[in-house]
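Working notes for the structure below.
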Amino acid sequence: MLRKMLLASAATVVVTAATPALTQDADSLTIVSWGGAYERSQQLAYYEPFTEETGVEILQESESANGLAGIRSQVEAGNVSWDVVDLLQSDAQRACDEGLLEVIDPAEWLADGDDGTPPEEDFIENTMGDCFIPQILYATMFAYNTEAFPDGGPQTVEDIWDLEAFPGTRALQRIPQKNLEWALLADGVEPDQVYEVLATEEGQDQAFAKLDEIRDSVIWWEEGAQPPQLLADQEAVIATAYNGRIFDAQMNEDQPFEIMWDHQMFEVDGWVIPVGNEDELDTIKEFIRFSTDTQRLADQAQYIAYGPARNSSASKVSTFEGTDIEMAPHMPTNPENLETAIAFDVQFWADYGDALEERFNAWLAQ
Amino acid sequence: MTDATMADMAASGGQELKTSDGRSLKAALKASQSVERRRAFLLVLPLLALLVASFIIPIGQLVTRSVYNPEVASYLPETSSALSGWNGEGVPDEEVFAALAADMVVGAENRTIGRVAARINREMPGTRSMIMGLSRSAEELQPPYREAFLADDEGWGEQALWRFLKRETRIITPAYYLIATDLEYNAEGEIVQRPENYQVYRTLFWRTAWMSLTITALCVLLGYPIAHLLATQPLRIANILMILVLLPFWTSLLVRTSSWIVLLQQQGVINDMLVWLGVVTDSGRLRMIYNKTGTIIAMTHILLPFMILPLYSVMKTIPPSYMRAARSLGATQTYAFTRVYLPLTIPGLAAGVLLVFILAIGYYITPALVGGDSGIFISNLIASNMQSSLANLKLGAALATILLVLVMLFYFVFNKLIGVDRLKFG
Amino acid sequence: MTAENASQSRGANVRYENVQKSYDGETLVVKDLNIDIKRGEFLTMLGPSGSGKTTCLMMLAGFEPATNGEIFLNNAPINDVPPHKRGIGMVFQNYALFPHMTVAENLAFPLQVRKMSKADQEAKVKRALEMVELPTMGGRRPAQLSGGQQQRVAVARALVFEPDLVLMDEPLGALDKQLREQMQFEIKHIHESLGVTVVYVTHDQTEALVMSDRVAVFNDGVIQQLSPPDTLYESPRNSFVAQFIGENNKLDGKVESIDADYCSVRLTDGTQLKAEKVNVSSVGDLTTLSLRPERVETSGLDGMENVVRGHIEELIYLGDHIRVRMNIAGNPDFVVKVRNRSGEQKLKEGQELDVGWRASDCKALDHVQ
């Protein structure tokens, strides 16, 4: 009995062990992504055309939420069943630092843009990593339910902190990332100074003090699916969210949501290749080259409101699948939406994430 | 024949007993039972293998990982030996820098330098990019190395960095356990409290414990009468009630948790009803979820069957004549309950308490979904650390080990008080 | 112990008046019950399972409410008195000794409830254990005792707080035969020495006959007969009682004539017999004759009112007597007990044999199929 109970409690504690490896040959690739509408967009834009062209079957696993831990345990166990994994840039940076990922030589791995631009230049600046091939650009920003603000909703990050003009509950993600940046911006820090300030003890104090101002009106979310739900139930009137989720609720559920693009924070999501699958590297390279070319990246945007990571793809973005709604205005990369945007600093968070997460948790626990 | 009687015989007989064909009786007995024993062992072998693979090995790894500290010692071997000669004052001399330069070249080649960077960065934020930045150009470094390093980044002149490196040349470190209990090394290498801004883990361990206790107490209060009802109703009615108790068991955890969100949120069913009844105003809707209340309500519901089932199985074996006997001997209903019925249900009650408390203390999904900021458990922090940097993974392992030890401690104390061999789990 | 010394005893009297009990509102488990139990009496409620005897006991103990009617304890109505205030000792079928307490703690339980001083408790527990001859067992748990010892503790516990009335619900049912017989005498002796009133429920007629001052035979929610054991055996009032108590030979026939206390009965095969008129009213009534096997004689038949020739079907040797199964007047299950005496004629299976009995030993009762 003791064992059984310890097992039960330990099960929540021990990292999930790697799924047993399927015997693999180059006839198939196991690709790990986030599930939901996002994985569907990849399936339609990349996987199906790739299988059609090469005959290589794609096995999908929706495990990216545990991507870093999964890659780590597979590589450590010397039993890597994941060929390609979709990761956030920050997690990719960590995995790369730890030597868990193949290093990418863009010239060898990636196609030129369809206008002939070499890949190093075609991908949006600062998005390519040593081990990371960017795929899409997505934004985290504030959105609100228009029904809660008949006279017009918040327009700036300062408005979010204005509890009198815009009363009601705010739903924020339960992580320090982005929240601390917005707190500083709302407190008047210049956008180009944000990370410099946040690297100092005083800057951190300032950010947490600013968060204190609205803390009583905040509820915290964990999963990307929560904010649209919280807004729809009016459990929160303003929420931070991924732009694709809000777009999806607007299009498919006709929700009265409005995105506030002011100081949106964009970051990239992309492919990494765990080390340990040398036998299949050729097939993997073929897939990467195929799926990240100008046209495929533009194709994905038909299915989800995330911006393609190549500059050359921008002009090829068309309409939302099965409609005549132009996708461009809904993209984080749309010039109008980018005006006050902040690029999420992966390097800063790789340096300060551990410490700030701890302080954030301590702040929450008070 | 038991071992004891065999020992008795051997002792009293003074000489070994023989079978009729002259073999030792003990050996003959062993031989005659060996097939049985082998067969029995083979039957439990799959379970044993499963336990070792899914339980003992992972726990072993967990504990190892929480103290294993190879970064400086293994990945910066030259630096480690050079540092052994440094007295800890000022900044080390050229010899140490040269050793570090050599280690960095190797580390960049083997891609191990990132792990060193993550380790140091865990305690000295910002050093990661300093180390990674230098490692990219490590091959181009020229003596004098000390000047070259300082020219690249002034951070290399920090005494604290070198003291940290010297301290962490040991392959086994308590550093993660210090963090996990809100302690740290100061610049002098003494163990001190962390700054208040960063103290979180002790608070969370404590909160996890008392909230689990509250949940357990609620499960007892709600589960005891239900189990009694189940045990005393005629079989037909008891079966229907039992299905109602077990129904939540068969629905997915996420569905159950989501239903609680629908019920408890500010725009939810219960608040709507309270507003309609005029108990609260529309602007004064109660916050019953995304806080401690939400976690306690949802988890009590989810864990209730674990209390009811062992209680039920014990209560079912208590004949009504015990209570009747007590009553006929002059005891009031209350006295008979406290002196006779309650003590007889202790094996089930204790089993339920043990199950619910231990399950609660490691719970993860429900607090994550409905706990908001104040209602999360230590396991939520363990989980987020496990998904994070390598150094945080080790911190997570330390936290998990502490949790495991606390659970075992609880089990030990519980065993001393109640006696686990008396428990009935169902 | 009977009514004559009951007046000096500490026993209580109990009276059931028109008591009825139903569990489902459709059928009566107990139909209009009236009993008057005297002080110090040992009264047994005897009957097959489902006859209502246990329900009667439970109503008296207070665990089941009477649906109608009133029960009096020492002439006070107790329908509204909760069980713990009735002061009735009770011994349960499976003893119901509290398994988590020692024997001494079990015995002290009713004393603690009554807030008796520690010293008094100890003294009484000690005396009670001596009474049931288990003076050294106080520190043991019930599970460490044998069945018979548990039984004695249960009796001691029901008596330790000196109740006026003790109820026993099939207390010997779980014991083996030998132990049961021994316990019967012990309980009887305790009863005699203490003088409490005992109401005893059993389905074992031997037990009832051995122990009781009076026996109430239950069937179908009704008391069939309430009499001392000897009357019950020798003068059953109806066929159910005759059949239920002791061994019984049945002969079916029709009343031909009635002469004061006796009647003449013609059996189905034409045999004419003389029997005591008990439960028949007029000529022409169908009747079942009841006759105890030990009252049938095989020798010295001169002067017997009834002599019948029968056929020996089976002989069973039982040591002190021989059980002879005969076919008499078309009844193949007619049993005769022949004492095993020297010089007696040797009986053989298949042999024809004359048997006879007195008219006063043969009761004409209500007819049963």
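Residue numbering begins at 1 within each chain, and the chains themselves are lettered A, B and C in the order written.
One rule holds for everything that comes next: contacts are C-beta pairs under 8 Å (C-beta built on N, C-alpha and C of every residue); 3 or more make two chains touch, one makes a residue touch a chain.
Here the structure is a predicted model, which means the values were calculated and not measured.
Note: the chain lying farthest from chain A is C, by mean C-alpha position. This structure's chain pair with the greatest number of C-beta contacts is A-B. Chain B has its Cα centroid 30 Å from the Cα centroid of chain A.
Chain B and chain C have Cα centroids separated by 65 Å. A separation of 87 Å divides the Cα centre of chain A from that of chain C. Across the interface of their complex, chain C is touched by residues 319, 321-322, 324-332, 335-336, 339-340, 343-344, 346 of chain B.
Across the interface of their complex, chain B is touched by residues 1-3, 5-15, 17, 66, 68-69, 72, 94, 96-99, 169, 174, 199, 208, 218-220, 222-223, 233-235, 347, 350-359, 361-365 of chain A.
In the complex of the two chains, the chain C residues touching chain B come out as 61-63, 82-90, 92-94, 96-100, 109-110, 113-114, 157-158, 161, 167.
Put simply, chain B touches chain A in their complex at residues 51, 54-55, 58-59, 62, 110-112, 114-115, 117-118, 121-122, 125-129, 132, 196-200, 203-204, 207, 265-268, 290, 354-355, 358-359, 361-364, 368-369, 372-374, 376, 379, 381-384, 386-393, 400, 403-404, 407-408, 411, 420, 423, 425.
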